[in-house]
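Below, subunit A partners subunit B and then partners subunit C, in two separate complexes.
Let's turn to the complex of A and B:
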């Protein structure tokens, strides 16, 4: 579904990614892990069109999408939830969700994803008329994922969804990610919490200074001795 | 001084204030949406007045009936100016604020020069049509019809803006872009399109106010300067970028202007306005109704 080939990207002359290649098949969860500054977020930002690719290709369903503006990539069915979440803080939860379905004109295309989101995150329903800024960190993350789901994506890209969230809600977020996948949505997940991520992932890649150092199925990556000592603390 | 005179002055000031508010609303809308001050705002007003002048000359129709046409023409004009010029001024990496100021200021000078070339500096006027020369008498209070109709149109326009922002998807997109222009791409919205629509809407409001002003004011290449200063004061008092703040501030300015004319001298009517302006920017720089 998503193919990334020899991708390189950087900011202000600094190389953040060098020669990164991977693929995600429909219905899979691929985890991108690595230490801080390894380039995990840059992978997502480049695929989402927020950061330009310097070289390499990105294809989605066979069509090139590198060089497309971010809003066009969203329209193709790829939703990105950035690490900073980027909600509209002075708008209500309802309006944030409603904006997610901005592209859809048919009533059914708006109501179906809303029902899905509220089933996934029931506490959002209690907060519908609250301003997004007044939500807790975990609720904001739920809203950010909810807003992304409102676009009816086929691929969901999540950047560190567990960051800055109380532990009880982290489990809820991971459960939601699994449920989203069960609904047939492909997921590209950037996470620091490797143990929890590998538990729900099909495949994983581990980056170090902008290059892939380990790649494989979740089981292979979990069994990799270097991963066990450096990332899983075993 | 009788109560009737005071009431007469307050009502006249209220009407003029509502018209000032409409003149300033487009400036406030664009500034609020994207933090760009359109220094050609007054010249947009001038363009709109000449557009009305040409339309009236061509069709012989009533200027107020042509107001919707001028409003649409200005929508297209504003959107085109954004897409053709302002968009590129916003792309620069260094000194962006100054580039925007000089771009729109230069655009204003260009428009004035073009108007001088095409229409000569002569004062023009359109036949005021059905409202011209008429007045409304309420008890002993007499209000000029063009001001009454203009104030009502202004109120209706603010009502429509409210409906647009609060009741439509486009309004939500404008509101979201105003909050975080980079984040709207996450829901598939093209910020450039929203900005172009914002410039279109802001300019359409200028077009509407020009149609009102032309029924009782002369048209000449520098006509924008007569109103743009008040528009800037209105936006600053209202709280930069707040459209409803502009409504309140416009009314306040109309009232202060009228009371200064009555209590001090008609020729010094702007003195009161600028005194209040100075006081507000000194002691409450975010404006009277600004929430920032």
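Let's turn to the complex of A and C:
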């Protein structure tokens, strides 16, 4: 579904990614892991069109997307939830969700994903008419994912969804991600929490200073001795 | 308490809040329609017309500045185009002002798009600066053009009272209802926009460009559309104003002062709100007219000093504008 080939990207002369290649098949969860500054977020931002690719190709369903503006990539069916969540703080939960839905013109298409979102995150239903700014960190993450799901994506890109969330809710977020995949949505997940991520992932890549150092199925990556010592603390 | 819902509440509902807004607007419009029965004084009538006209203008400005967050301090360009085109078409070709206003509005829309094309790639403050510079350039162009009468301006010929030509020598009343009609129209446009996809997208662009893009919003096109709607109604109001005062020159319809009078009411009253522009105009416009009449001429700039103090006070005490004072008396409901 998504194919990334020899991708390079950088900010102001700094190389953030060099020769990164991977693919995600429909219905899969791919985890992108690595230490801080390894380039995990840059992978997502480049695929989402937020950061320009310097070289290499990105194809989605066989069509090149590496030179498209961010909003056009979203319209193709890829939703990006950035690390900072970027909710509209002075809008209600309902209006945040509504903004996600406007990608579709028909009213029925816009209302349809709401039931799924509220089933995944029942807390949001209680908070529908509260301002997004008044939500807790975990609820804000739920809303950010929910808002992205309102665009009815085929590929969901999540950047550190567990960051800044109390531990009890982290499990809930990961459960939700699994359930999103069960609904047929492909997931590209950037995470620091490797143990939890590998538990739900099909495949994983591990980045170090902008390059892929380990790649394989979740089981292979979990069994890799270097990963065990450096990332899983075993 | 509320029953657990089995069917999720729709995300697009005609909420009681919106119904209430419409009811309040209807009551206000009715009251304003009856107000002239109680006002005989020409001076007061003059202030009322200007207040309602600038409430409408600021409401139009608010569509771009308030909802979409693109702060223009050059709306005098659209206002001036509306005024000049309407008057010039009438004086030179005998085209009725009703059509002249539409022509002026169409030209203003084209100009707004032409200016937006380069300017909306500029972020934040740079856009605002560009609008000021463009408006100043336009002022010079108009002051030196022939069809505008140059610095002397254009005078409407004396004609018998008629709704077709919008000429009324003895009474200001028709202009009052013209301004009120326009104010109602811009309010309704704003009210509708608030509940449409465009309105949501514009507010998203205002709140967070990156987030808007991640939801598929074409930021550039959103700014262009908001700007076009805003310019359209600003130019129509310019045409109404020109026929109300029956004489226009570059400084009276295209100066920076006009841009301020268009933008400040919304800023003072509550930027990006439905009632902010009107509330701001009720405070600012009569004050400007009163200081002008007491001190003569331009009012020695006292109105500008008071504007400055008011804007500073509101940004310190009530950053959400005068409209937020209402919630001191009326409890907030969903």
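In this section, the second predicted complex is superposed on the first by the 234 of 234 C-alpha atoms of A that agree within 3 Å, B and C clash if a C-alpha of one lies under 4 Å from a C-alpha of the other, contacts with A are read in each partner's own complex, and residues count from 1 in each chain.
Everything below uses one rule, namely that a residue touches a chain if its C-beta (ideal position, glycine included) is under 8 Å from a C-beta of that chain, and two chains touch if they have at least 3 such contacts.
This one's a predicted model, so the numbers in the text were calculated from it and none came from an experiment.
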{"item": "Clash or fit, subunit B versus subunit C on superposed subunit A", "value": "clash"}
{"item": "Partner chain(s) touched by A:99 [first = subunit B, second = subunit C, both, neither]", "value": "both"}
{"item": "Contacts of A:111 with subunit B and subunit C, given as first, second, both or neither", "value": "second"}
{"item": "Contacts of A:175 with subunit B and subunit C, given as first, second, both or neither", "value": "neither"}
{"item": "Contacts of A:6 with subunit B and subunit C, given as first, second, both or neither", "value": "neither"}
{"item": "More subunit A residues in contact - subunit B or subunit C", "value": "C"}
{"item": "Touching partner for A:64 - first (subunit B), second (subunit C), both, neither", "value": "neither"}
{"item": "Touched partner set for A:90, first subunit B, second subunit C, both or neither", "value": "both"}
{"item": "Touched partner set for A:80, first subunit B, second subunit C, both or neither", "value": "both"}
{"item": "First, second, both or neither for A:228, with subunit B first and subunit C second", "value": "neither"}
{"item": "Which superposed partner A:129 touches (first subunit B, second subunit C, both, neither)", "value": "second"}
{"item": "Among 2-10, 20-28 or 218-226 on subunit C, the segment whose C-alpha atoms clash with subunit B after superposition", "value": "218-226"}
{"item": "Contacts on subunit A seen with subunit B and repeated with subunit C across the two complexes", "value": "49-50, 69-71, 74-75, 79-82, 86-91, 95, 98-100, 102-103, 147-148, 151"}
{"item": "Interface residues, subunit B side, partner subunit A - complex", "value": "169, 172-173, 175-176, 179-180, 182-191"}
{"item": "Partner subunit A, residues of subunit C touching it in the complex", "value": "5, 8-12, 197, 200-201, 203-204, 207-208, 210-219, 334"}
{"item": "Complex contacts: residues of subunit A adjacent to subunit C", "value": "48-50, 69-71, 74-75, 79-82, 86-91, 94-95, 97-103, 107, 110-111, 114-115, 118, 125, 128-129, 147-148, 151"}
{"item": "Residue numbers on subunit A that touch subunit B, as the complex places them", "value": "49-50, 69-71, 74-75, 79-82, 86-91, 95, 98-100, 102-103, 147-148, 150-151"}
